[in-house]
Amino acid sequence: MNQLKTELVSQRQIAESIYEAIVYNESIDESFKPGQFVHVKAGGGSDPLLRRPISICHVEPKKHLLTMIYRAEGKGTNLLKSEVPGAVIDILGPLGNGFPVDELREGQTAVLVGGGIGVPPLYYLSESLQERGVHVHHVNGFQSKESVFYEEEFKEFGPVTITTVDGSYGESGFVTNQLDFSFDYLFACGPSPMLRALESYRSKGKVYLSLEQRMGCGIGACLACVCHVQGDTTALKYRKVCSDGPVFEAGEVVL
Amino acid sequence: MSRLQIELPGLSLKNPIMPASGCFGFGREYSKFYDLEKLGAIMVKATTAEPRFGNPTPRVAETSSGMLNAIGLQNPGLDEVLHSELPWLSEFDVPIIANVAGSTIEDYVAVSKEISKAPNVHALELNISCPNVKEGGLAFGTVPETAYEVTKAVKAVSSVPVYVKLSPNVTDIVEIAKSVEKAGADGLTMINTLLGMRIDLKTSKPILANGAGGLSGPAIKPVAIRMIHQVSQQVSIPIIGMGGVQTAEDVVEYFLAGASAVAVGTANFVDPYCCPTIIENLPLLLDDLGLYHIDELIGRSWKTEWTLQSSSR
Amino acid sequence: MSRLQIELPGLSLKNPIMPASGCFGFGREYSKFYDLEKLGAIMVKATTAEPRFGNPTPRVAETSSGMLNAIGLQNPGLDEVLHSELPWLSEFDVPIIANVAGSTIEDYVAVSKEISKAPNVHALELNISCPNVKEGGLAFGTVPETAYEVTKAVKAVSSVPVYVKLSPNVTDIVEIAKSVEKAGADGLTMINTLLGMRIDLKTSKPILANGAGGLSGPAIKPVAIRMIHQVSQQVSIPIIGMGGVQTAEDVVEYFLAGASAVAVGTANFVDPYCCPTIIENLPLLLDDLGLYHIDELIGRSWKTEWTLQSSSR
Amino acid sequence: MNQLKTELVSQRQIAESIYEAIVYNESIDESFKPGQFVHVKAGGGSDPLLRRPISICHVEPKKHLLTMIYRAEGKGTNLLKSEVPGAVIDILGPLGNGFPVDELREGQTAVLVGGGIGVPPLYYLSESLQERGVHVHHVNGFQSKESVFYEEEFKEFGPVTITTVDGSYGESGFVTNQLDFSFDYLFACGPSPMLRALESYRSKGKVYLSLEQRMGCGIGACLACVCHVQGDTTALKYRKVCSDGPVFEAGEVVL
């Protein structure tokens, strides 16, 4: 966890409103794990003020390169997309606890389920799992054909099913319609309704979910990002998405 | 570092920079970034008699040059603070200012009495200005009489000097400041957050689950400077200023307005090294301004001798 | 354009966007950038009985996402406004809201009586909240009783509906709003500027020659939204909202909070085309939100039926 | 007067804290006059909020290029200096009334007196006067050797005297020590004490001064930038630096 002045190496649009940015800094290395995130400062002044949490999509530890994929939505991400190569991007990270890659053994099967802008962190996860000899299936859901990205990239690590809500590409409907096979592990990142729907898959294998929450500090100090603990009758126990998560085992916290 | 040394009731500060309450937890997270002993003091998260979970999420929203928060005083409660958080902090040679909150005067008294006995607690900060809790909090801070009463009651039981944290959400902050001074407050801290709201266009509801929240960050700095400029001329107790401080220049502006020390809140979220960076830059800035000791700046914007002197440079 | 048509007391607005008082002069300068008839209305610069030069310079200072001003109600006085500025504006088919200021109730009455007779003045905006003049101004806006009195007195003489401009520098804005409503106000405009200050490190004095000034711009938007959200639920007269509006999204946020029209102040300085751009973008934004008419948005953040409907989308 | 999205063509440091930026936009042409200024927006968000008034230092009407020289001092100018070529710079202009170049006839003599960051507007003025056949002398004052800029550039149009306050370069002291020659016109831009000292030179010829004032709108609407009119006993008359100025004949307004 460190504050890094990274250099923007490249930036390109890869789908409707979706951008891929690659940044360089010497400190970008193996300490960046799948499922962790970085906290990105956009713009030079204090508007926007807060950092933006963006998942680690990929890391090349030797080349000290970090890939982020983001949707240009509000003020911060729209400023970010206007940056040109050579610009300095201030990043805090790696933050949080990622996916339990080390738990998986060769030959096991993992399903990676991504929804929209929840897809990026699964890319680095998939590479890491495949390197361990894990069989990886991908089910990535998008709004429509225009918003699909990284299909080919994921295919390098295992079969890919794409769903679109409007049926304009791949399978029509939600990712949860495409999950009728067995697995040892299921990893997911995406909108809350999707994550809630996936909680029930706990009966079929181990399920890990990556959560989103509005953040202040991103490091556990401000208590902006807390969630309740499942089965806690005092209603006082909590986990911080930024520092205890963003990845939790299904059943640990209230979604 | 004696150029930055400041003496305040209960607080011998090696420098006048401290993280603001609620923006630094109990220091554990930031201790991973730097040695907490670099800080002049630490204002820890509000403590209430019982543990509190606080408000539902989302608890923060961004605004232009500011943020809204409605954490709702989440804290582990007095016992846990006394037995776990404060002892952990006592490993560091840095004075702690304990932020005390409650719903009734009895709450404030009960927490203040106990927490002021902790060996590393050098002062209390009475949070009578939190906008994010249903009863108490803000209400105490907007009426001179209740502000007087809670201050007086806490002063009677506290083992350490008492600073009262003022709310900016009032017509006449000088009136409130004077009544807490009369009640025996040893100092003031100001300002707490301005009450604000943002509404989500997609849901058409407030972004914060709580509805309204407290506005902090650079957006509120001019309001804080104005209030400190007003109040410091009307009371004789010292003021710890806060609201949007990000740089050493901001700190100097607060001192010129009338503050004797400065707390840094939201800026910690933007730059975790913010406090030590300010502390490093202050002597250089004093050099630029041609001053030796930072205390020469206090209230200089309204102390006539000083402004005369500076304009003759 | 009927999707943006809004009917308010005295004002039939082809769209609910108007420049805020003091940020648009009497329209001459901005008429070089675009046709003033694009605007829903124009709130012109405050008019006082006699001409005023206003405060010494510097009169503005920048803050994070905001600016401070202490113009001090500079204006050519009632006669000149009646005989030169308003006739010039009457060339445009756009309703004028005349901003009235003064030091005594008699001042307000005298100016209101005359200016409300001007053919293109469709409403008055009583500025009882200007922080930048020595007597009167702000004082009227911070005490419910005086706010009541000045409103009542002006209502008695005005030939057009009267809107009262509220100050945010108060503990309880609902109280003021209610007393102004009781006094017969036809509508509210809110908010005026927050009182703030910046100090120059080099001179150690306030940047503004006047000392303190009024904070405007995006920095204050969350405070305005919160206040409009509070007040609109407690009064039955319409609110023209203002404070930091820059975009069509901001306008929608104001409507959701409870405003029925929106004024744009400081943003004109940043982007002279700001008002027409917002007016152009509003229908597109309504499309995105799945709404036909902008009035469907008014108060939707707190009107339960509406929020239910929106969450079922 | 227009709002232009200009493209930053080049940017370089030319003295201590002093930067020269050249921007391109098709609308940059002959309508940009010496002594006028542009209002520059720095950064993408609303911090900094207000535009910065910067003088027109030079214009190449055919190439649609505008040169600005500025001191990186506060928030806005420091953000500006971090922009790289290709960046879009939002500019409002040309604004205000410049120097009365058309008044001068061939063979007349003009002295151009600049102080520090008041020097830039005199460059375009000097070129324009020289093109009319006016004899131009320059007296440019700076703090010290490190802050001197554009000495060679000015020499192309006429003799140049440089003064430095600390005597580290050129003549030691203030510009006003170097003005004991006759002229038809004197044009000056610089700090207020310098301008006030130059008011008395009215007895020797026509004197025009370019003023600075903190601005809101920059176009005459907000009344931020007013100054009193000399000899006005009502104390109600005023001029707006942004739209009536920034250039005034000495004696017109109270400095």
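Note that the chains are named A, B, C and D in the order they appear, and that numbering of residues resets to 1 at the start of each chain.
In the analysis below, a contact is a pair of C-beta atoms (placed from the backbone, for glycine too) under 8 Å apart; a residue touches a chain by one contact, two chains touch by 3 or more.
Only a predicted model underlies this, so the values are computations on that prediction, with no experimental measurement involved.
By the document's definition of touch, common neighbours of chain B and chain D comprise A, C. We define each chain's centre as the mean of its Cα atoms; on that basis chain A and chain B are separated by 36 Å.
Between the Cα centres of chain A and chain C there is a gap of 45 Å. Centre-to-centre, using mean CA coordinates, chain A is 52 Å away from chain D.
Shown for chain B are the residues that touch two or more other chains, namely 63-66, 217-218. Counting partner chains per residue, chain D shows two or more touched chains at residues 45-48, 75. With chains as nodes and touching pairs as edges, the resulting graph is complete, every pair of chains being joined. By the touch criterion given at the top, residues 43-48, 75, 79, 82, 84, 86-87 of chain A touch chain D in their complex. For chain C in complex with chain B, the touching residues are 63-66, 68, 142, 169-171, 194-199, 201, 203-206, 211-212, 215, 217-223, 225-226, 229, 244, 249, 252-253, 256-257, 289, 297, 300-301, 306-307, 310-311. Note for the complex: chain A touches chain B at residues 1, 3, 41, 45-51, 75, 92, 213-228, 235-236, 238, 243. Taken together, the chain C residues at the contact with chain D in this complex read 22-25, 28-30, 32-33, 45, 51-54, 57-67, 69, 71, 74, 207, 217-218, 246, 266, 268-273. Chain D meets chain B in the complex at residues 45-47.
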